[in-house]
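Consider the two complexes below, in which chain A is the common component and chain B and chain C are the respective partners.
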Partner chain A sequence: MTELARKVCMLGDFGVGKTSLVSRFVRNTFSDKYLTTVGVKVDSKHVALPDARTVKLVVWDIAGKSALDALNLNYLRGATGLMLVADGTREASLRATLNLLMQARDVLDDPAVVLVVNKLDLVERWQVAPATIAELRRTLPVVETSAQSGDGVEAAFAELARKLAA
Partner chain B sequence: MNGFPASVERYLERVLIERARPLLLTFDGPWQLRAMVGDAARFGFDAAAPDVVVERLQDLFLGLPTGQMQDFPFVELAGGGNAHVHLVPDGELFHVLLLDAGEEHERTRAQQQLGNEAELASLEKSRALARLKEIRSELERQRAGLEEAHALKNALIATLSHDFRTPLTSIFGYLHLLERRAGGDAAEIDALHAIRRNATYLFALAENLLEYGRSEAGAPNERAASLINAERLDAPRLGADLDAMFRPLAQDKGIEFHLEPIVAPPAEALFDEVKLRQVLINLLSNAVRYTHHGEVRARIAWREQHLELEVRDTGIGISPEYRERVFKAFNRGAQSGSRGAGLGLSIVKRLVEQMHGTLDLESTPGAGSCFRVRVPALERPGANLPAAPAGDYENVRRAAPSAVVVDDDPDIAGLLEVLLADLGCRVRAFDDANAAIEHVRAEPPDVLLIDVELPGLSGNAAVYRLRSQGYKGRIVTLSATATDDARRAAIAAGADHYLTKPLNIEQFLRTMRATIA
Partner chain C sequence: MGDYQRLKELLLGDERAELDRQRERLAELARDVEHDRAGLPRELPRLLREAQRGDGRDKLVDALSAPVASALGTAVREQRQTIVDALFPIIGPAIRKAIVEALRDFSDGFNRALESSLTPRGLKWRFEAWRTGVPYAQVVLKNTLSFRLDHLFLIERDSGLVIARESAPEVADLDADAISGMLTAIGDFVRDSVGGDAPGSLASATVGEHLLWVVEGPRANLAVFLRGVPPAQLRLVLQERLEQIHALLPEAPADGAVTLPGLREALDLDRLRHAAALDPHAPPKKTRPWPLVLVALAIGGALAWWLVNDWLWARHLHDAEKALRAWPGVHVDGIDGSRRGAVVVRGLIDPLAESPRAALAQLLPPDTSLAFEWRGYVSTDPALVARRARQLLAPPEGVRVAFADGRLALRGVAPAAWVAAARERAAWIPGVAVLDLDALHAAEDPSAAQEAELDAVGEALRELKVEFVRETEAADPAPLEAMRAQALRALELAAMLGYDVRFTCHGYNDAPGGDVLNRALRERRAEWLCAELARRGVPADRLSRGDSVADAAEAPTIALRAASLRLERARSADGK
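Coming up: the complex of A and B.
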């Protein structure tokens, strides 16, 4: 049986919580400690689709930068899905991630994209206004998440899986 | 190669291989493992379970052709190792070559960590600096009026009073319901009165703390205006309540308690009854406490367009050098033999100022004290939410408005449900924000009432989510935290109103009527 498998890359500025989202999603763990990512870590998890099929998401957690260099573009090859990650407490990280999306679109052919705005548990300190997200939602699926509490994390990956299997 | 002597070439080969500890896997066709050469354990692979290794590598090259050279540096492996991974095509076959990158990865990571942390720290620093600047100008404004350790006390009191508010909301809310439904049974009515009297007393104490703890931020006028609540004063009832409250206390101490005949103000003169009550309760509590023989006498009278409140006692009195100090908070010792937090008179002074009144004190040590308060009638609060005429509302609305209530305290959720149902709403209650979000998304209600302090997803986070998903209905946030910061955070997340617990039922009903109208 050939199973459905898709490569997904986490894209976003450093420190927004890409690694944390993947740990929450794959291992259901979270750590406060910040350990920067160098290179890439590849994880995978099967996700059930609404139509009872499953898809294996092969998730690439790559080092976060506000712009993609040749090295990171190299990691993107073969990906059909992108999980864009911004940090609600850093408005600049939202702009960075949208920038990354434009760059990624140059090397990928029409990838499936979901934007997550992370650190919802710190909503009292968010710099991103709800109206901004409402506006973005016209063009992209957006999910507010907290890798810390787990809120929205499953939903975000499920949404991406759904788009990838469509 | 490039003309190196064979011995050097062999040496180089050995050094490089030693350093890189290569693991070579050779595949044919679609990922059929032909051979594995090298130290698999080094990379956290189990040579005895090649299937797992193959699956990992397959994942890594997912979506990429195996007929082309591929190269991924710094791949973190499941066992914790790190490798540069190369795919080398070879006719019908292809090889995957892993070179150990553990040390290099650790070095690079440490370097990058420093850089990233520095950048995050500088971000945090500029944020902290901005916040510090705010705080500093705030502090400078306040410093003149601040006593020692004032800020610390505020924090303590805010925490304490926070804990008072939630149960009081419940008590008053249900009392309200019981009183409306009480039959004619005299014993029952007496019991309800007793509960209300004592709850009110507790409320007054809690309110003293709250009033004290309330932020000093904002222009004093603004604050006073926002807090004043103009209503008709039921002076006889106020007198009766005070009598019922203090006569037993006086009797216990063996002193007399006199309430002089009340001269009620005309109906059109409005007052903030809660504040007046708080003033009188504080003055009378003090008088009874510091009087050991003789009497305590109270007077409520309308005179020369002012309401006069007077509390006179034959107690220990206050010597002139302490006159100023008794009106400051935490004045313990100002009146000799005093006990308690020493908040009462400072609160009285503040409340009287908020009502634009005056406060006088005459006292002779050893003979007694007399506090006299004069407050003018208040303006009718025109801009404030007017109470909708009772009958009208039924006719105006077309369909019953829908409301969703989210509170994890079942008593409060139940109370809100009943109050809203009384206003003609169809109500759904939830104890969990996520379930409520689902419901609101499927069936957007006209109004959402949500507690901030929910377990799991917070009320603010839920509000944010709903607003960012385009929910356009009204949102009222409820919280036990009565600070400006908390209010700002709730409004920034997308709430229209921010109400604090314990709920002032009248204010709540007014807000809700205006909200669903």
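Coming up: the complex of A and C.
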């Protein structure tokens, strides 16, 4: 049996919760220390697809920056999926994330993308308007999540896995 | 695509529209310039061909050599990867060939340097080299370097995803994808942080005995987790495997893990190990017979000398062991004589036992070092139990201590206090199962002296025997006389003490003769003794013929032509 494996990169501004989302989602193979030392941490997890197949997501978490430099572009090589992460409480983080997507699309050939708007547990403080999210949904799958409570995390990765296996 | 366009507009709006306008204008300008030169590319090949006519070729080469060289230089500097990728299939084997040559030179030198070494290990390896036809230097390398392959990952270069993997069966499983992802990331990280745009990447990392090797190819890398000291050969083998694998890999990027025919074989850990241990490029070595014959003779001589010595040593050890096993109060767990000339004895020793050191030293070669590792224990060896009884009971003169078959017998006369104490203590002596104090008498007892004398008479009778020249012809009448005197004295004492005393006559024979004949002879000798004693005044009703089958414990000690008398006593029925 050949196993389906896909490289997925977490993209998003600093502090939006990428690392927290990954920690929620996978069992940690490496300590988070790698993030600060190497600038990247890789974990993996099997995700069941609706049709009973499974896909292995190999998730690369990149130390957050709002722009991709040469170093980070290297990390994107070979990725077929992108998990964009924005912080609902900071409108600017959404713009930064979409900018990262534009840059990434220069190096990646039509990646599968899911946008996550994180920190749903602080929804009363959200700057990102529901209308904006509705508008974005016409282009991208958008999942509202909370890495803190775990809401939506599985769903976001499941959606990405589904798009990757399609 | 349209969706992304809309996204961009959402983000950039006006700026984007302006940008598009500028881009359009630039394109227009470029189109104008292009137009004039549009014909050139079409004409260029023809022009170049024409330029080579006559001496044109030399001129063209002159003109182009400098710029082509610079272009190549620039390409190597700026697009090194492309060039390396293009040259990879050529460079790999070329470099390997050079390395193999260099290694062979090295191992030849090494060989010569080791040629004269005649240590036992050297000889063993030399024998192995001779037997297998593998150069000696390689046998040395193989034996001095030992390593094991734990994991081998074939990693897609760009994504860091695992295409295939092999792990040794007994090592813990790893999250191969996460690890190879990290490896790729760390490789990139190292290259980015130290190398700038230099080619190459992480090639090896070491933590203690754990070793990571990464062998890079244009589309896939091999990462190997090893332990120990791998031979340099292994890297070449891996490089070769990676080239084979590249030939197998499909052009399209691999879709996660794939199964490729031949891939498993290329990655098989045992094969890799084996391949690394042998140098496939070395031609079989021609063996020179003369040095070999000499070496074989030397080995043969040494072997014979060694075997003889070994055999002698083994015999000494065997003797020593036999002596030790028979030594009273010692229990031997093991004798270690693996190093010739030194013996270590491990075991148990009773504190009352004598040290076997002197006896062993006599059995072993003169300079043998002898060491004991003793732990104390209480021995039930009869000699030790008797010694222990003597030590604990401190018998006064006149008391004899005998121990056999778990029975401790005390005989003689002693002060009543000592007798009482002995009666109490003797049963506690380790190794004593049965206590026989019938023949122990308190000195204060008025009949003690007579009791002791009766015991002594019994003992004396046991010592006496009449020997026969043949049949029932006595050699010497004196023992018969002594027997008679003792028997009569026993009857007197028994009468005083109120015992009922009887005597049994036993006959013995020496070894030759059939069973039936010998049995008859024993009976006749016993009857003869009874008759002789009766004739000399011992009451006939007290004499009887004993069992003709000499009892097993005595037969071997008195296995000769003889007869003897035994005294048996019991309290007489009137119980005086």
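In the analysis below, the second predicted complex is superposed on the first by the 154 of 166 C-alpha atoms of A that agree within 3 Å, B and C clash if a C-alpha of one lies under 4 Å from a C-alpha of the other, contacts with A are read in each partner's own complex, and residues count from 1 in each chain.
We adopt the following convention: a contact is a pair of C-beta atoms (placed from the backbone, for glycine too) under 8 Å apart; a residue touches a chain by one contact, two chains touch by 3 or more.
Just so it is clear, the model here is predicted, and its values are computed rather than measured.
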Touched partner set for A:149, first chain B, second chain C, both or neither: first
Partner chain in contact with A:7 - chain B first, chain C second, else both or neither: both
Touched partner set for A:75, first chain B, second chain C, both or neither: both
Chain B versus chain C as contact partner of A:131, first or second or both or neither: first
Touching partner for A:39 - first (chain B), second (chain C), both, neither: both
Chain B versus chain C as contact partner of A:123, first or second or both or neither: first
Which superposed partner A:90 touches (first chain B, second chain C, both, neither): first
Which of chain B and chain C A:139 touches, first, second, both or neither: second
Contacts of A:15 with chain B and chain C, given as first, second, both or neither: first
Touching both chain B and chain C, residues of chain A: 5-7, 34, 38-42, 44, 58, 71, 74-75, 77-80
In the complex with chain A, residue positions of chain C that touch it: 3-4, 6-8, 10-11, 156-162, 175, 177-179, 181-182, 185-186, 188-189, 192, 253, 255-259
Sites on chain A touched by chain B in the complex: 5-7, 14-15, 34-36, 38-42, 44, 58, 63, 71, 74-75, 77-80, 90, 120-121, 123-124, 126, 129-131, 133-134, 137, 142, 144, 146, 149, 151
Complex contacts: residues of chain B adjacent to chain A: 56, 59-64, 71-76, 82, 101, 105, 108-109, 112-113, 116-117, 119-120, 123, 434, 456-458, 460-461, 464-465, 467-470, 489, 492-494
Parts of chain A lying in touch with chain C, wherever the complex brings them together: 2-7, 29-30, 34, 38-44, 56, 58, 60, 70-71, 74-75, 77-80, 95, 98-99, 101-102, 105, 135-136, 138-140
